[in-house]
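Each structure below is given as structure tokens.
There are two complexes below, and they share subunit A, which is joined by subunit B in the first and by subunit C in the second.
Right after this comes the complex of A and B.
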């Protein structure tokens, strides 16, 4: 039996003491960071990179493709295989003897496409395996979350597939870098092509995945299509977990819209597109024009999932293996020879990011994150498959050509699902770093953090 | 001692105290350069997860283990706790005390509301109601409450602290990460002993002390008249009503207490890593705590902690074993043999960790219905009786 003997005075006293305790200023002083070192400074003959990709969950296909590319990159860095893009890269700092003479090791983790799990996995890599850089991710939510973690922990984050404006917009961080393009660039590249192919007086209907990425993409597409004369009839948010979009497609028919924009990704997009095609949207004639569907963010894996339905549907991409330049050929060759299939655009972005990081370490002469940040900021390069590219210093976003693609009408083989309509030059998709869609003047990178 | 009348309970508390306080040693049995270092779990993040999910599962067990009410929506309270803490970080300062207090309070209020409605039904209907509420909270957090006009949860990206947040009590000199009066949760002291390396992390020890406190509280609840009443509800609620006792206040109290435990766990989780994501509230997260409790041993005191440790170990260690690691392990074998072994083991590690966990779960449920605790008891009995003659009948003790 428990007995309680609280007195009024006793309770008051305890309360006062507890209150004073909480109100007290700093009792324990923060320890000063050690003078020279940085988080996970490699001391032995090896250096460890962390590859954090979704291996289970809705984006597992993308994640596993990224992992293949990352392993290929490590092979090339260590001087195995045919060297891939090391031969075409304009910076010649990498010798194929690891990074700064240290052999490259890697650890992998599963983000499960969940911010929490991704952070846990990244923390494991940093705390247990001593990873000096984290690369990967197939979702903007995850990328933003892991980027924040890397900033706090003092390691470099090289983002993988993340398309939301926020990653290098309002959530930009000094220790984070993005090679992939973003929703704004998609919109800026697509708009002129849409105007040319579909005319400047279309009425658009948006279906948008109801979360951060969906909103930023809808915002970007609406802004750039309205600028060229289109009208937005309606923009409907769809719950992320939906698998059947019929109830969202039916109203489109009666809305007087003649273009459907699907701001969906992955399995969502495959389902909504299939529903739209089943409803016969593409055979309709509205306002005297053929009905069209636009999918702003494409990927090879989604195209494969949607099969026949993808034919003639327009969208944009960061990279496509059919791109004909020296870097792209070298990358597709070594990826194809090793894995027997062409790389996806998520694979390419991760491959490029790993090489870029390694190269920055070589040029900086150190693994110190602050040195690496300095080496990457404002870095101009070519030969990694995307053509001439700039890593802008103000927001750590890469600026390069954007591809506008269309679902192939007559695919010749199973990988030939998309055809390149136009390569939009980088200048056309460039925006000022304080653009309102990217956090405006308030957004700042903060200070680079090298950790303890 | 400490109001624990039963000597066994006190020993149990001591065992848990020893395990948590010495965890950096216990979990790092392999030298850091050896191939077995892969299986070391003694790094701050995972140790924190062990104790935090331990708290979560201990609280869940107060409801499920004692009253038998199976809630499938406990993750909602964890999520509410996390969001509440991160908001405190954003508005006040990075000090974890107000954050954790608000987390517990908010989760309790939430539990009171959900419990008041859900506890009108029992059995599967109760489970479905809690599941529905939790999924509703998840949907609210994921998209509804994160629209640009009223952004309470920051949706998919997760709520985090930005440099331009008010943080009215934040001053220069205080660390820019969660801290306890200036003592950063991240600061870690690493002790190198020969080939071994042990890390002692502030965040871990704070969580461990909290675990000990709430574990002690759980023991007191289990042994109190109130706990007895909860057990009566589990064994036969109808009979209890007929004796003139209204079971609802008791179940509601148990529900709120376990909700508060979940909120505490959520608050601590945010204190260790200041980000609250909506996935924390998803039904899979609610299912996970059910698994932890059943795996460890429903209705036992230490079971949920063991279960939580077991599941988190698999999630974090087994998912990290990839092809390269496997090839290293079997490098001593001839080539064909090596590839064969890798081929056989690969589906069970790396991205297949769920499969291994599922198999372990099935084995435990089939052969050890009392969970890991029953396994331990059987092992203990076997060791005790090994030397003795066979005909002395083993004293059977019911699993608690």
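Right after this comes the complex of A and C.
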């Protein structure tokens, strides 16, 4: 027989003590917050940045590359290493003595490329580690979720690799900023090159990953290719969890299409492209033309995964290490000498985002998110690798040149997998902030939130 | 017509992988009574045997070519595989080219060893425990194996192409006067799977060892009373099942580039295959593997997905529900299995 020591009175007493204990820290933080005015105001000699990237799961390699770039950025901010893009950045506010004289520390979180896990890790970094901003990530689903959280918490979110129109479209937030390009820009840059290389009379078949990014990319590419005379034969949604695409590829053979557009990313893209090549699509002659495959969003890591299969396949990128400008050379040298490989385009975006945030704090003279927002809005800069860039005030989207790239025919080394076909000028990929694909007139940033 | 044949071929192909994995699962369940959730990870390990061998064959020494520059502007380091240096460039290159078929020779001993270690080291301690415990421990093992592979090979898929002679497309319809292009390697995969399945059945049917195992599956106690060490034979069957999953993985590597979580993608479906085929029935597992592969393939056609949206993602489970409602023991299930 078991004997219980619990009495009603005892339980009540313990409950009251425990309740007070739980409430106590909130009382203190509430007081300190109201005194300071914004979430996680740095009080000591250090300031903490939060790097939220996929460290496990299928995008772990991508996340690891982002992390390397962010660590490099912190080094440069603290005056270590060769300074990288601090030497080429047109804004000269950063001096290599941290941010506003405070040494930069960082904490990392694992998004696992899952929205709920990413929100949880961002929340921990904000509430427990006192992170003043959240940077990075490699999925639009995750970016939209974390951006919402940062808006509520009153910290700045600097998005990493997110390509869906929604991130700075219908889901845009005042505390969120995107340096990476988006699906609309890919389509606007690709369409003229496709018309020039493949002709204006083509029949396209789309395979599309069934989530926010896939939908907006398909919508963008269909609109821009149809505008130049292409016909869309079919657009099939494929489940994100698909691994073998052969049953989706087989119908392409009999559809009368002569171009296959793969709105896939990561493992999806590697597998669908491999399957398409296996089925001999690239050797076929349809409607009297060579069959072609287009992968609108490329990354170096995917290109490496797809191996031989990407030869000659067209796509677009936010940045490529072969880009020859002062900022790009400085970044590639710094990253390459430290890590022994060239940076990926998601690494470059995350590096640039850390520097842009730090610079905005310096120029604003405060870490207050609303001051940072003001400093970043309408900010024009150069020297971070992409050429002349504008952070547009209306939707917090960066506008800069977009690269159209092609899988290299004869790579000379393992990093030389992609070649730049064209650098599309920013003007050609610019759209009005109330564009229907970006939420129309209803889309709004809302008010900046300083939290606390 | 050719579109239908193409989807049947696709289905046979995917069905081969399901059938091989399900065959191993059923063998393990039928002999040892263990529900092995690490079986998908064994499939993945097989694929990584192919990756490992092709990486080993490409191990290179570095020479500096001062006439070319790398991405930092330093002299380019040129890598030459040892195999090419030892056997001459041509023979060396063709050895590297045939890495995947050669991996079969590596995978069989490796997978048998992995199977033996798994069974003796971990799973034998769970025979007397509940199925839930067995599922938890094997699922945990699967996660450990995945993470080990990720640690060494990264999270990205790794291209493991088939030999040049077996890439490309064969027009199967040419003999019958219509157009039916199909990748050669997928035909190889299907034929290979058929061979392995035939081999396992022949082994069980025509050897004394196989006969004892079949007797043990039917009545373990009686076989034990006859003085036969049935446990040892069952351990060997576990290793064989591991090897079958591994072989399925090796040959699958060129179809989709292997990554560390590919096993999980196949595991759940393979269990459905076992249940539909009938727990403990080897022919049932094979037949259900091919059947579900073909059904899944047809459900992914544009016609099917526009008629019933999402059918491609649920078809297998719908079939499983129907089969379990109408034939609770599965298509070829025997009485008394998992019914105590």
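Here is the rule we go by: the second predicted complex is superposed on the first by the 417 of 452 C-alpha atoms of A that agree within 3 Å, B and C clash if a C-alpha of one lies under 4 Å from a C-alpha of the other, contacts with A are read in each partner's own complex, and residues count from 1 in each chain.
Definition applied: contacts are C-beta pairs under 8 Å (C-beta built on N, C-alpha and C of every residue); 3 or more make two chains touch, one makes a residue touch a chain.
What you see is a predicted model, and the numbers here were worked out from it, not measured in a lab.
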Touching partner for A:239 - first (subunit B), second (subunit C), both, neither: both
Partner chain(s) touched by A:359 [first = subunit B, second = subunit C, both, neither]: neither
Touching partner for A:110 - first (subunit B), second (subunit C), both, neither: first
Touched partner set for A:120, first subunit B, second subunit C, both or neither: first
Contacts of A:60 with subunit B and subunit C, given as first, second, both or neither: both
Contacts of A:166 with subunit B and subunit C, given as first, second, both or neither: first
Which of subunit B and subunit C A:218 touches, first, second, both or neither: neither
Partner chain(s) touched by A:75 [first = subunit B, second = subunit C, both, neither]: neither
Subunit B versus subunit C as contact partner of A:415, first or second or both or neither: second
Subunit C-contacting residues of subunit A that also contact subunit B: 56, 60, 237, 239
Residues on subunit A engaged by subunit B in the complex (per definition of touch): 1-2, 22, 24-31, 55-56, 60, 106-110, 114-117, 119-121, 123-124, 127-129, 139-141, 144-145, 148-149, 152, 166, 171, 210-213, 215, 237, 239-240, 442, 444, 446
Subunit A residues within the subunit C interface of the complex: 56-61, 234, 236-237, 239, 241, 243-244, 246-248, 250-251, 253-254, 267, 270-271, 274-275, 278-280, 283, 301, 304-309, 321-322, 332-333, 336-337, 342, 412-413, 415-416
In the complex, subunit C residues that touch subunit A: 2-3, 6-7, 10-11, 13-14, 68, 70-72, 76, 150, 154-159, 161, 167-169, 181-183, 185-186, 255-257, 259, 261-262, 265, 296-298, 300-302, 305, 312-313
Of all residues in subunit B, those that touch subunit A in their complex: 3, 40, 43-46, 49, 97-98, 139, 142-143, 146, 148, 154-158, 160, 163-164, 173-177, 179-184, 186-187, 199, 220, 224-225, 273, 275, 277, 279-280, 315-316, 319-320, 322, 324, 350-351, 353-354
